[in-house]
Amino acid sequence: MGLRSYIITRILLTIPTLLLLLSMVFLVMRVLPGDPVALHFEKKATPEQMETMRRLLGLDKPLWTQYIDYLWGLVDFGYFLEHGYPNLGKSMQTYEEVGGQIFSAFPATLELAIYSMIIASVIGILLGVVSSKSYNSILDHLIRGFGTVTYAIPIFLLGMIFQLIFGVYLRWLPTGLRLNPAVDPPASITGLYTIDSLLEGNLFKFFESLKALLLPSLTLGIILSGMFIRMARTNMLETLRLDFVTAAKARGLKESTVTYGYALRNAFLPILTMMGLQFAILLGGAILTETTFSWPGLGRYIVDRINFRDYTAIQGAVVMFGLFVTLVSLVVDILYAYFDPRIRL
Amino acid sequence: MSKVKIKQSILARLIPRLTSLTKKGPSGWMAILGIIILSALVIMTVIAPWIRPHDPIKTGVGPIRAPPSSQFPMGTNHLGQDMLSRILCGGSIMLQISTLSVLVCFLIGVPLGLFSSYVGGIFDRACSLVIDAIYAFPGLVIAIAIAAMLGPGVVNMALSIAVVYIPSYFRIVRSQVLSIKELTYVEAARASGAKWHTIVFRYIFPNVIPSIVVVATINFADAVLTAAGLTFIGLGVTKDVPDWGWDLTDGRALLSSGTWWVITFPGIMIILLALGFTLIEEGLSELLNPKLQR
Amino acid sequence: MPLLKIGSLTVDYRTSRGTIRAVEDVSFSLEKGETLGLVGESGSGKSTLGLSVIRLVPYPGVIVKGHVKIDGKDIVRLPEHELRFIRGRKVAYIFQDPMTSLNPIKKISAHFAELIRTHEPNVKEAKALERAKTVLKDLGIRPERINDYPHQFSGGMRQRIMIGLATALNPDLVIADEPTTALDVIVQAKILDLLESLRNAYGMALILISHDLSIILERCDRVIILYAGHMFEHASSTELHRNPRHPYTQGLLQSIPNIELADQKLAAIPGSPPNMLNLPRGCRFWPRCSYVMKICRTKEPPLIDIGHNHFVRCFKYSRGRAKS
């Protein structure tokens, strides 16, 4: 099977998974606990008010019609072209398009996720490799201890500790928001402030947005790095004792060639797969990080909407998280195939 | 009488296992440290009502936001509640939620995994598809969605966390069963006409127990952290009972005034609780990893 | 000066369950171009001994005593970066399982290019590949297959490639650790023939490690019998075949089927090798030995020189020698 046909098959296989995922979200949000409209008003509304909302949001239709509308909204390409975002229904609170709100919040989450992932991978793979190379030494125990402790720290606690130290006491870094409110955000091209400000050629804005990103992405990155260290360490330990690593040493290859070209490159594929799986955990962590740092992303959005009991908006955000994770796992699988000659064949 | 007997036999079997852990190097010691931390926290929570200096939910016991002193060793919060009393009593909700959710996961995930993989066929494939979809989804997002729909309460919170972790049990049991099913002695048992429940409970179940224990310990740690996270975003159980999660959440608003003690002490407690489980898990999983055994 | 000289080498594995002495007090030497066979059951320490020669005993193994001199240089005391010039260049190692000995994500060409250019940095990539192709041709593999990945070859082919990698730099010594155990019976003889022909062509010394005494007797000048980390017998192949002295060696020889003796009775050695964490007191073989004496259960026998470069670790011969 060639790489191209593998990719096509993999994309086709994503469709039923996605359909299943979307159905489950619908099931949880619409069917399981009863009537979202009643929940929204907490019994503080007249039947007429509730009826009006049902009509306006299309919640008065039969469930299966709602289900079809909901799925159709996601693939309605005409709507997408007209608005620039998919049809995810209207908010219970503001009657605005949920898709629009979500698409404007998404880049903030994406930017946070990218920087956190970079921090977590660098710390995780570096320390994991060092740890496995010095197996059972003091250094190995220290690194393992660090990984275990980071796993046990609630992410928002670490965020608050950083805010306390670098924001309240030292006053070095901002403790919230994507950008100092006194600075205009860069013109939106990618939606990622660090990249947009560079495209604009404005270094000042670049450093300002980097400063704002530092604490949130460090928080999320460090928490995630614990898991990465562990994955990298275990996989390296398993790989370092494989025959071909010993055989490479027996041929007198350089230590660095053996560690990186042989052990790490082979351990990298399982690490990559697991990183893809961790991405879901990263997004969960992003919700808490965004709440801690008032970061105006998808996580903050979902938490805000929970406070208003805005179930249509929550549903839209959950769907968006699902689509994002599915897309990432698709990319990871394709990368895996690209790097592994046994699949490439 | 029989109850006492069972207890004795469990203890008699457990103690040599625990002492044997000390002989297994750093990984064994990690597991033991975890067990010690957890036992200490559980004991503390149980005896808290008798040793706490103040009523943990009574406001105005002391001044507002008083830093740690000899009178209030952990300070007071914005309502003038004694933090030490709140710390001593605040573990019960977390322990209840995590225990309940692990129990639910175990009771659903394990039988489902055993059954599905043993039966095979379309049922197995359908189960795996659903489970994999849940597994790939951000856990906290699922928990948030379900908790938001179900409303507050210990049971509701435990259920919303349980949904996230059922897939871990299902997957580990299923993969183990699929490999064990092919082993010669199981095939021999089947060939000699053993009934399926004999095979599942006598041959397969004992072999998957170690992996289930590892999953359960990490599930405990995650449940504690998820419960704290749900509380942090406003989906917590109730403020009528002292809870480390709520203290941590309330502490966020006090940060800008430099009130470090309101987040520090509940933070340490949650870390210790999660760390206890993580240490056990990390120790056991390295001891049980066949690829790392010599 | 001999090519390889090992003196009172002792290797321990420090496991969490206790220390295993995998190789104890082993001494021998090897001349240029000579072939030596190491024979023993699994766990006898033969692979550990082989890996000690290039100081690659796996974790948690440690060389605790003795020396391993290659051209007079003691590699036990050499710093790690100097070891690289011995491994692959002076001493090459062929591993048991060819299926797992090649890096699955590197092409065969990369394996050869890396090896050649590590040890001869002045050689250009293209020149290195030219040389690699010649090596492959000598091994009976089509040179254009150099751009294939390991998984595209069969086990026998992969072991040929391993042999090619081992001999590409024309080392003085090749250590082959059960090179055919993982292969089909038909391929086994071909691989051993290939090894022998290359050895003849380049004049390398060879240490062949095997659990199969018949293979060793057929292909090696000298034999060392290992049992639970101890050298039990050391002699030339002809001498050992004609005149086996140790009860264990005699047992091994009796368990080799012989086509010429139609009504031969095959005898297996009773019992099994000892638990290395809990060795018997005295001689390590006595629980399985049919000549066991009182002294065997209390004292460890020394390695006794019985003449004709023949050494045996058994009390049977110390008494005999005392009498004469």
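Order of writing sets the chain letters: A, B and C. Residues in each chain are counted from 1.
The rule is simple: contacts are C-beta pairs under 8 Å (C-beta built on N, C-alpha and C of every residue); 3 or more make two chains touch, one makes a residue touch a chain.
The structure presented is a predicted model; accordingly, all values stated were derived computationally and were not measured.
Of the two chain pairs considered here, A-B and A-C, the higher C-beta contact count falls to A-B. Using the average of C-alpha coordinates as each chain's centre, C ends up farthest from subunit A. Here the spacing of subunit A and subunit C, counted between their Cα centres, is 53 Å.
Chain geometry summary: the mean Cα position of subunit A and that of subunit B are 24 Å apart. For subunit A, residues touching at least two other chains, in rising order: 136.
Listed for subunit B are residues 25, each touching two or more other chains. Residue numbers of subunit C whose C-beta contacts span two or more other chains: 60. Those residues of subunit A that touch subunit C in the shared complex are 135-136, 241-244, 246-255, 257, 261-262, 265-266, 339-342.
Touching subunit B in their complex are the following residues of subunit A: 16-17, 20-21, 24-25, 28-29, 32-33, 36, 39, 136, 141, 144, 148-149, 151-157, 160-161, 163-164, 168-169, 175, 230, 234, 237-238, 277, 280-281, 283-285, 287-288, 291-292, 302-303, 306-307, 309, 311, 314-315, 318, 321-322, 325-326, 329. Considering their complex, residues 25-26, 30, 129-130, 132-134, 136-142, 144-146, 148-151, 221, 225, 228-229, 232-235, 248, 251-252, 255-256, 258, 260, 263, 267, 270-272, 274-275, 278-279, 282, 286, 289, 291-292 of subunit B touch subunit A. On the subunit C side of its complex with subunit A, the touching residues are 54, 56, 58-60, 80, 83-89, 92-93, 95, 97, 100-106, 114-115, 118-119, 149, 151, 162, 165.
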